[in-house]
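Let me give you the structure first, and then I'll get to my questions.
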Amino acid sequence: MRLHEYQAKQVFADAGIPTPSSEVVETADAAREAAERIGGTVAVKAQVHVGGRGKAGGIELADDADEAHEAAEGILGMDLKGKHVEKVLVEEAVDFVDELYVGVTTDRGEGRAVAMVSSEGGVNIEEVAEENPDAIARTHVDPAYDLRPFEAREVVYGANVDRETARDVTGVLSTLYELWDERDADDAEINPLMVTEDGGVVAADAVFNIDDSALYRQEELAEMEDEAFEDDFEARASDAGFDYVRLDGNVGIIGNGAGLVMTTLDLVDHFGGSPANFLDIGGGADAERVQAALELVFEYENVDSVLFNVFGGITRCDEVAQGINDALEAFDELPEPLVVRLTGTNEEEGRELLTDRVETAEGLEEAVKRTVELSGGDGE
Amino acid sequence: MRLHEYQAKQVFADAGIPTPSSEVVETADAAREAAERIGGTVAVKAQVHVGGRGKAGGIELADDADEAHEAAEGILGMDLKGKHVEKVLVEEAVDFVDELYVGVTTDRGEGRAVAMVSSEGGVNIEEVAEENPDAIARTHVDPAYDLRPFEAREVVYGANVDRETARDVTGVLSTLYELWDERDADDAEINPLMVTEDGGVVAADAVFNIDDSALYRQEELAEMEDEAFEDDFEARASDAGFDYVRLDGNVGIIGNGAGLVMTTLDLVDHFGGSPANFLDIGGGADAERVQAALELVFEYENVDSVLFNVFGGITRCDEVAQGINDALEAFDELPEPLVVRLTGTNEEEGRELLTDRVETAEGLEEAVKRTVELSGGDGE
Amino acid sequence: MSVLVGDETRLVVQGITGSEGKFHAERMQEYGTNVVAGVTPGRGGDEVLGVPVYDTVKEAVREEDANASAVFVPPAFAGDAVMESLDADIELCVAITEGIPTHDMVRVNRRLDEVDTRLVGPNCPGVITPGEAKIGIMPGNIFDSGNVGLVSRSGTLTYQLVDSLGRRGVGQSTVIGIGGDPIIGTSFIDSVRAFENDEDTDVIALVGEIGGSDEERAAEWIDENVTKPVVGFIAGRTAPPGKRMGHAGAIVSGSGTGTAESKMEALRDAGVRVAETPAGVADEIDDLL
Amino acid sequence: MSVLVGDETRLVVQGITGSEGKFHAERMQEYGTNVVAGVTPGRGGDEVLGVPVYDTVKEAVREEDANASAVFVPPAFAGDAVMESLDADIELCVAITEGIPTHDMVRVNRRLDEVDTRLVGPNCPGVITPGEAKIGIMPGNIFDSGNVGLVSRSGTLTYQLVDSLGRRGVGQSTVIGIGGDPIIGTSFIDSVRAFENDEDTDVIALVGEIGGSDEERAAEWIDENVTKPVVGFIAGRTAPPGKRMGHAGAIVSGSGTGTAESKMEALRDAGVRVAETPAGVADEIDDLL
């Protein structure tokens, strides 16, 4: 789960990291009022999960409340790299003399956290890592000891942070690690951490991604989850317990198992179609789950055809077919054509059970080609 | 720092460990009222730091409020193994079917915590350890991972705790470890942990000793410190930054360095005297500290003579002598004779500086003998 | 010879009294795996499926000489269950559970450095040596004994490939599902090394997916160490960056690391035959045999 | 030859800009110790007592080839300072600081298992090889070069004994103050082993005190391994149970473990000559030489 900037900043501020004063609003009028309360120059920032918001026009500076109103009017409702902007953060503009990057993320390869500081803040840190790796100081954190103060210092002094700022940056890095550790974070990053004229620091942006598997023990963060979803479909899929990702194409895809569904998407693309979604229905395929999956996929207006691709293993294909049949009873008429492909244990019994409300296919490639055809593609 | 039972129980209860309802009181009348509020049979328990309170008459059961009044009257003000009882805990008497020991303590030899459960609760656990070591299950806790749930279970099942009680006991053990870990405890123990008829558990006693060196980061516990002192002398010594222990004899002892002071006590005993205290004045010996130390030692009514025994190392003996001379100016008359023995760097210069308000001695044995003589002993 | 599991396996099933654990313990018994014990805290002394249940893994090791474990414990407790196997000197621990918090796996991963246990998974279908034994949840009936060593991050995609191989009459020496989580025990390299050293394996199939760089590292290792032919497949070529594709580990970072392209290129550079479709994988393997 | 410190010592002083650190760094320089650097975070680039100050120990090791460290850092930060030395591959770390929380030392102690550094202390006067070098706070002037290897949990009691020896014309090969805390790095056994192997040491003096069982363990080890004569002394015979006698580690438990009697008996059983008074220690040693 990825928190919005304003949510992440609240968590960081509660942990003692200095953040600019700010308010999150959903209308231009509210943005004006917020700007008045904050006073001075403010930044108006789109609250959507995309990188490079600034370059894409999602961040504007406003010298007064009227300008803030105008900026919010422009940003609210805009489509930013495919994301609809529903909220903006109105935030005190900070005078700064330097920008740093400070972050703690999970390094999958090492299986532990990596704590990083770079003197080149305010730009894409992964680009810095590629182009000027020496500009980033880092240490992998041994979970047996957590981030020890001397390690935080080694990173901060290793990044050549100024002497008068080093102590504050060390504090911020240690706090980010604690947040990573205690809140089950994947990433806890500040970019840029602004250095002010007096040597102090302020978090001008905030990234806080939480491990979905750990939300059950992160109540406070889990409560922020609904607000963090930017897509109603994804929110509903999450409630239903599906792994779901919405895409731009028109071929709806339901399957069991992440690898098989990903492969199905790839094949749709391979045969000239365009996937409308990823939906992993998970283990089992009873009528209720099948029905919920079909409703979710059909409801997306892009969809022109749907492929239901299941490998029957421990759950036999005839059981899955029964689940599909039962689920189809909930539909008077299928909104778009549905192709079902069952392989694995008892696949023939399964295919025989299926009614002619659906098309069936034996091979995976064959099923994909047919679904692509039905979507208007050529299936080759 | 050792918390009183009632303080420890509060901490344990706050952490979720079941404890009986109770109130701590300082008068028999208050004990009566507390017993009325609690209802039913209550235990009236002396709040002093001695083992075997029960056998020594420091714990009485009372069937009603009048009996509680009577019991409190008997216990309050009594001398329990040399400790004056100023508070009693009036506590709901718990019906139990079994008594366990559950504890987490620091094992110095291993340099880590040891978590223990024994089915033989309610008796001295160190005696159990000697006489029937198999009755105690234990595990050393690797600080890299803290007490993992499976380790807690191994200990609990290893102690043959009943199936229906095991989960609760595992929870209590895990909580005690967390308290040990988070509160800088030396020991966190419950003996007995009573098992009730329905298989639940209740902490009938509570021991919680905190590392003195860590009190600076344990604010909540540090606030309990004043109440935890049972000796006004020890409280004052702690404020002055001395290591001080009050003893029963009549030879006051002040020195620098724990080992040297302990050795001085041993020599006093060796030469037929009886030490009145241990006082390590620590590094440096300026007038202010010397004066505070002398006042503390003289004030104890037992004291008949005092030995001031300092090894001058980095701090030279002449500097120490000057500190002593300056300190003595605060005394019109010394209440009891004072013997000063200075050895080490510049010892002769030091001894020459001292005035005849004090006796001086060159050798350690000679100084001890003389002080013992002055206390009325024979010094042999 | 076989990789990881076989006749010498003496399995303890952690969570054997749960519905999943019991169901799959029975399937494993049917397949021929020697299940010697189960563990469920508080159920010690019971008997399930003809094997004794213990409160702790150490007891199962002490009493039944268990040398392997399968973890069917809910995600909140599964990290600890794995730790328990590690501390009980289990040789092979297969963690089936999906959804173990990453931070729990960070601790497990640290502990793995200190012990001799091999961990497979978590969030994996397990390990099977067709015709001998399986530890996991794979449908045993779809596998055939043969000479292809297959390692995969995915469950049903593996079954799909095994099915495709089966239709061509090609069997497997051992199939290892290493799991779809970001932090796992046995890696591609570990698995490929085992296959390289396994005399029953003639062709190695490596089935990866987007996210992380385990495939890239494996490619480098293969280039330097592997003599047997390797066929590769990567799922997720069409996955958008920043989106988790079902598996917790299947995510291309916002900046574009962990892409299918990067992995396919690395594998090809290492001399691996990379197929574009599951059928293509089976064809390549068929071609090599 | 000498034990632990000598001409090859290249010392970094952690906390060199503090008053204690600076004072004793200068005393060590005067005594002949090769102080090559200091460390104080935020003071990197400064110079103190003619040596460069660095922000981190790793820098001091990299730039000045430091191989030993002395920790003069306030107790709240000293555990971390020791950790820093451990992670910087320092060979010998001497922690002077008194009052490090026990739990910080539990972590340090765990880390010590994983690294090659020898830790002396904390809460100790340090290590001195008279006439060569010292790391610590001992008054150098009271020591004389000789052939007694002395190890002690106490500071001023050590000085008292050294003074007593000096008055009899007896010098020391090396004196090790292992510290008065409950959890320390170098133990009596470690020290006695070093003296047993040190050709400059003819007699070993072991000065213990109440609390813990390090003396008892050392006695057992001496019985089995030591060929040189050992003289022992235990402070705290009159200490009441349950009371901390100055040192955090000097406490007889409520149930009576860690008593002076137990330690004296164990040492005597191991053939150690146990004296009742400091003068008695000096007499025994004098007698042996």
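We just call them A, B, C and D in the order they show up, numbering each chain from 1.
Going forward, a contact is a pair of C-beta atoms (placed from the backbone, for glycine too) under 8 Å apart; a residue touches a chain by one contact, two chains touch by 3 or more.
Because the structure is predicted, anything quoted here is derived from the model rather than measured.
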item: Furthest chain, CA centroid comparison against chain C; value: B
item: Chain A and chain C: spacing of chain centres that average the CA atoms, whole Å; value: 27
item: Mean-CA-position distance for chain C and chain B (Å); value: 55
item: Chain centre separation in whole Å, for chain D relative to chain C (CA means); value: 52
item: Multi-chain contact residues (two or more partners), chain A; value: 143-145
item: Touching two or more other chains - residue numbers and ranges from chain D; value: 107, 110
item: Touch-based graph of the chains, sorted into line, ring, star, complete or other; value: other
item: Interchain contacts, given as pairs of chains that touch; value: A-B, A-C, A-D, B-C, B-D
item: Partner chain A, residues of chain D touching it in the complex; value: 41-42, 44, 55-59, 77, 80-81, 83-84, 87, 107, 110-111
item: Chain B - residues contacting chain A, complex; value: 143-145
item: Residues of chain C defined as touching chain A within the complex; value: 23-24, 27, 75-76, 99-103, 105-107, 109-110, 137-139, 141-142, 152-160, 163, 180, 182-183, 207, 209-214, 217, 235-240, 242-250, 253-255, 257, 260, 276-279
item: In the complex, chain A residues that touch chain C; value: 49, 51, 106, 108-109, 111-113, 124, 126-127, 142-144, 181, 184, 186, 211-214, 216-217, 243, 245, 247, 255-263, 265-270, 275, 278, 280, 311-314, 343-345, 363-365
item: Chain A to chain D touching residues, read off their complex; value: 144-145, 148-151, 153-154, 157, 163, 166-167
